[in-house]
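Once you scroll down, you'll see the structures, which are given as structure tokens.
Paired with chain B in one complex and with chain C in the other, chain A is shared by the two complexes that follow.
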Partner chain A sequence: MRDWIRPDVRSLGLAAVGLAALLSLAGVPVTSAQGTTLFPARVDGSLPVDAPFDPAWDRVRPVDVALSGQPIVPPMRLEPAFPSVRVRSLVNGDRIAVLLEWTDPTRDESVLGVDVFADAAAMQLALGSGTSICMGQRAGGLNIWHWKADWAADLAVRQDLEDVHPGLPADVHFPTPEGDDSFGPDGFLAGQAAGNPRSAASLVSSVEDLNAVGFGTLTTQPPEGQNVHGASEHRDGVWRVVMSRALSDGDPNDAVLRPSGPAAVVAFAVWDGSRGDRDGQKSVSAWLALALPQQPIGLLDAWPVLLLLLVGLGLSGLVLYYGARQPAVGLGWPHGRPDGGATG
Partner chain B sequence: MPEVRNWQLGRSMTYPYPEHHPDWQFAFVFNINRCIACQTCSMACKSTWTFSKGQEAMWWNNVETKPYGGYPNHWDAQLLGLLDAAHEAAGVEPAWVGETADPEAPYGSYEGMTIFEAAAREQPQLQQALGYLPADDEWRAPNIFEDVTQAGRPAPGSLGLESGGAELPEHTAWFFYLQRLCNHCTYPACLAACPRKAIYKRPEDGVVLIDQSRCRGYRKCVEACPYKKSMYRPTTRVSEKCVACYPRLEGADQASDGVPMETRCMAACPGRIRLQGLVPVDPDGAWADDPQNPITFLVRHEQVALPLYPQFGTEPNGFYIPPRWAPRPYLRQMFGPGVDRAIERYRAPSRELLAVLQLFRASQKVIFRFEIEEGPKVFETEIDGKPWAMYDDTVIGFDKKGREVARLNVEEPVHERPAPHPNSI
Partner chain C sequence: MVAGTGALVRSQLGASGVGRETVDRLARWLLAAVAVDLIFTRFVVRLAIFIPKGEPWATAGAVLGRVGAATDALVAIVGLLLLGALLVRAGRLGRGADRAILVALSVVAAGGLALVYLPPSPAISIVLDLLVAAVALAAGIRVGREGGTPVVARIGLVSLALALALAPLGRLVDLAGLLAGATDGRSEAAAGLAIGALGQLAFVLGAAFVGLGGVVSRRPFDRSSHRIAVLGLVAALVVLSAGARAPAMWGALAIWSVGLGGTVPTAAVALALGLAVAGLPMLYRRAPALAIGASIVLLSGYGLAASGLVLAGLLGVVLARSDALADPVTR
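== the complex of A and B ==
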């Protein structure tokens, strides 16, 4: 029974997040990964990026990341929808995969109703040291991987009105005027015409790759920058979501994940669709470090050292060889005797 | 939170963003007394903007039958209930006090809380505006209670509503039609609530738009708009709203001749209940004193047209000439304390007002200025015990370029056919 400390802990947490927000507004960098560190487990071969319930995941000990509400900016959620999210991570030579797991009895993957919202989860990665946990700031942005249950369901076939209204008459379809190809059978789709990824007819991933530099700045990356792969499954009241990406992708908008580099700074968020969660109405974690294991060094990995060694050895050999064939130069007396007299 | 001036409340109020006003403001006046609920406006809008899949339940323009009709169902009663509960919790009386001589406070001062102030009173402030998100079924039947007359004679003290039901065929029920579209508010709640800043108010005409590329379908605007004129579209997963037919407003329509044209819903009105304009706005947000602008004249000089639910605090830019016959407490709740004066002036209109009322639907072009040429007295009577005379004046409307676009007489021309052919065509 630890209930008696909860209010204090919560207010302390709120105060900490509030302080962080204030510091961020004042331009003070508050990125730091104190407390929990995530250590991705190294595996040889391919990662189970498409199998959230693959046994390989269960061999990794999860880190239980505590979640709190979002009490900083409207729209808020004061109490977290879920107490925690369990995080596992796997990495191989060129890819990293992060598994988020949380208990959610309701599987919400439709957004076809006015008041219907989908489950979602996200990982934010700090870009640089001057960012803020609250959607980043100008001094330092965020790279956000945002998984959406509705996108996961839309991947195969985009959910449409017929799925929720089987009796929908077909005559809603507007006839296409002759020679005007701007209207499809569904009429004019303003969001799609404006290039909004939410309105796109087809998706490449259930995870959206985004950036943010403050509240209200969340911006999707261009199609060529959408390089986060997603896989998810809801089983026995538990969501498991895998988000994976190549370690080095060369995209300047993406967080750098280098095995030999410093630890990445990350935080997590989870949305519960059936409770109306969206945008700031979410359950969030504090910053964590994501420390990638060092690359194991094989003999061939050390080729620069070996090369230097070989060159050094070669040079030494040369010096020894020629040195043995010639009188010492510059080490003894100059030509002639020490008294300066000429020879001969 | 910044303080902004709301002239309809006669005071300042809190709003998430500081004041910044457009040069012109899209505005309209609807004469409820003339509407027959033919829904031509609704269909004109639908066939122009919301004919596609996912917009089946989307009516940017709708006409609902008050007191029971509403789209979405009971939108106003629901929000009034929320606002009442907030006032009760705060111990605040949502009263209007005192009419002032201040022309910038024509209805006195509202002492209650707006939807922004009610939301800000909650600490921590969870939302930007008090509101609710109507469910799917609430949007599906846009006028479901139109013909369900359950009201009896106006009963004093209870908004004129009776629980006893209709007493047909005596026709004792009262009702009126309320024509609604986006009010392109000065302080839009949809804009305030959008966490994406995807909603903006255009500097050139005050039209409020949702950026279709930035919207992420959070539906905070749908929840916050007190008039429920921001609507979610499931097929594109983002929200849409009335765009004030901006291509017509910009003079981009082929028929516009390069000057602003009225929107489709305005231009299609067979009942001639609608007059749409652009009102010049001063940098401080006050309407420029332009008594020859028909909208400014009707709203600010004659004060015969009133904002819809001004107490919500968004400073809506749609104005209504209230119906003469509906119970006054109900009308005061809906249009504020200016109702009695507005009806009094509409019942016995001034010579100028009667002329300007002829301009409704006189032209597709937006009328920026009117002039009146005086004509002879044609009729005399008594209204409310006072003498009243009608003059056959001529009203002339001018477009943005100052060209005449409308010329009408107060008295409609009558032609009596000669006796041999009384009924021939």
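== the complex of A and C ==
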């Protein structure tokens, strides 16, 4: 054994390893995120969830979130399509709304072509600790809100292949019994029958509510779980997208957003359809913290944190005092010569 | 002398040897913890995204994720233990400045723990960021003013301390604008980005100078020095090669692992890494406290958001003073 690994400190270190293992198994985090934090503005009354260019949004201080490419897995985007996305957020007693804004001269709202892709934006929220920014992992999943420009356009006026390609010859439909219209006017459509949300005859929102626990695991929530409202507008080469949801919805697949709770961990992504962005080809941000204020924020409103800071201050003073009262003290007493010499 | 005579020994000895040794060993535990955190949490776990989704690979990936989470917690726990040991020792021996730095560091640590369970506010974030910057600068200045250790390496440590201070200052500018009620935020965001870029530069320069200080202090070279130098060369070449062959992938790994966002060219990062890998073991023989402290700072990374890594990085700067650790040569 190397002499610097003395039994007392070694035991302390091993206890630390054991404690760390136990805490991680129990899902108890001991580290917080101290990076860039988004502070939603708290308002009374309703939020402008359907009006991305409402003046109320301009009174909210934005955070410019830097974007980078996604160079890890194909399809990759090595350079970001947009340098940043501006994020604003509003919250009232029961709802949160997040506004994403970015400059994009092209308005891409259709996917009705083999090589045609739509603009999109997403916000991912970590479900618990131990997740990965890259679509999560089994140790910690993600809740993803994915706004799609084509869905937003379809909500207004649904477009189908016949609208984009007039005179398109009809494919052979799956035969249905004579007089059976249970599959609707178009007959049996495999995508609709399989419940593919992209093939749905009608949409409830331009935002899809999803979950993921790693690459290749992106899963849409069931229709009753689709509770993220979307609104968007493209004006003067700028996209503004609002995604909003009730703070508390009881859905275990949804990220918990509590004004009195710890900050949520979030990240953003933006797709540029005209540059072929789809799937993993996107511009992405790093993790940020999203801290929900319980009320208009001020120094004294954060009294629990202040109290804990004071406890830390008091504890450090006590330990200093303890050290000052002891003529020879350390954490544990090394075996052998305490002056650092070899065991005698 | 046996352990059972501890009471007698306690009455006969000065405090410096015991406190120093405990701090010394906990510092090595912290060094090991941040090294494992870098390798597992910030590198291997991230690479686990390439693991196939079927069994047994999926389970292996999940296990890796758990190991990463445990390592993350380990850094914070060992950091808190080390902070306690430093406080006890400073209570007995420290000067007023040492005590003030450690008390401020305790508040930073308490804040990191509090924010796990409680929501932050802009004011609290500003207080914590200011404390992080103040601790880094104060501890760095104390190392810089200390004689007896290689001056180039000390310059490097001061540069690393400056980097640790600049990371929160970049956020602070933005937060100050928020508190002041500014609704645009573009100028504050630009200032924050500029400060962040300066911080990255200081971090890379710090790594290079600390390593260079070690290399210079080691002359004339012996056989083991040559072997270590070759290791540094290999590390530099690996980074250069990765940056040239897959720049985007290398960029992502650099951000994830040590928080370097591409401000500093890859060639400069490779040179700094090579010097650090070669120079720190050489510096350890001449100035062990400085070498261990700088290693902890470098392995903790630049501007990473996890509160445990912030605590570890600041402890690294505090530990870099020559009287922080026992001299291993004497044992």
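Heads up, the rule we're going with is that the second predicted complex is superposed on the first by the 239 of 344 C-alpha atoms of A that agree within 3 Å, B and C clash if a C-alpha of one lies under 4 Å from a C-alpha of the other, contacts with A are read in each partner's own complex, and residues count from 1 in each chain.
Here is the rule we go by: a contact is a pair of C-beta atoms (placed from the backbone, for glycine too) under 8 Å apart; a residue touches a chain by one contact, two chains touch by 3 or more.
Predicted, not measured: the structure shown is a model, and the values here were computed from it.
Trainee: Quick one: is A:Gly216 in contact with chain B, with chain C, with both, or with neither? Answer first, second, both or neither.
Mentor: both
Trainee: Quick one: is A:Ala51 in contact with chain B, with chain C, with both, or with neither? Answer first, second, both or neither.
Mentor: A:Ala51: touches no partner chain.
Trainee: Does chain C touch more residues of chain A than chain B does, or is it the other way round?
Mentor: The partner with more contacted residues on chain A is C.
Trainee: After lining up the shared chain so the two structures overlap, which partner does A:Gly280 touch, if you call chain B first and chain C second: first, second, both or neither?
Mentor: The answer is first: A:Gly280 touches chain B but not chain C.
Trainee: Check whether A:Ser260 is in contact with chain B, with chain C, with both or with neither, and answer first, second, both or neither.
Mentor: A:Ser260 sits against chain C, while chain B stays out of touch.
Trainee: On the A-aligned overlay, A:Val63 touches which partner chain: chain B = first, chain C = second, or both, or neither?
Mentor: The second partner, chain C, only.
Trainee: Looking at the overlay, what does A:Leu78 touch: chain B (first), chain C (second), both, or neither?
Mentor: Touch partners of A:Leu78: chain B and chain C.
Trainee: Which partner does A:Asp115 reach: the first (chain B), the second (chain C), both, or neither?
Mentor: first
Trainee: Which positions of chain A sit in both the chain B and the chain C interface?
Mentor: 71, 73, 76, 78, 215-216.
Trainee: Please give the residue numbers of chain A that touch chain B in the complex, ascending.
Mentor: By the definition above, chain A touches chain B via 71, 73-76, 78, 111-116, 150, 160-161, 168, 172-174, 183, 185-196, 198-199, 215-216, 218, 276, 278-280.
Trainee: Write out the stretch or stretches of chain C touching chain A in their complex.
Mentor: Per the stated touch rule, the residues are 1-3, 6, 9-11, 13-15, 17-26, 28-29, 45-46, 48-50, 53, 58, 61-62, 65-66, 68-78, 81, 84-85, 87-92, 99, 102-103, 106-107, 109-125, 127-129, 132, 168, 171, 174-175, 177-178, 181-186, 189, 193, 246-249, 251-252, 255, 261, 303-310, 326-328, 330-331.
Trainee: Would you tell me which residues of chain B are touching chain A in their complex?
Mentor: Touch residues, chain B against chain A: 51-56, 119, 124-128, 133-136, 139, 193, 195-197, 211-220, 222, 231-238, 240.
Trainee: Please output the residues of chain A touching chain C within their complex, sorted ascending.
Mentor: On the chain A side, the touching residues are 3-6, 9-10, 12-13, 16-17, 19-21, 23-25, 29-37, 39, 58-64, 66, 68-69, 71-73, 76, 78-79, 129-130, 132, 134-135, 137-140, 214-217, 259-263, 286-287, 289, 291-294, 297-299, 301-302, 304-306, 308-309, 311-313, 315-317, 319-344.
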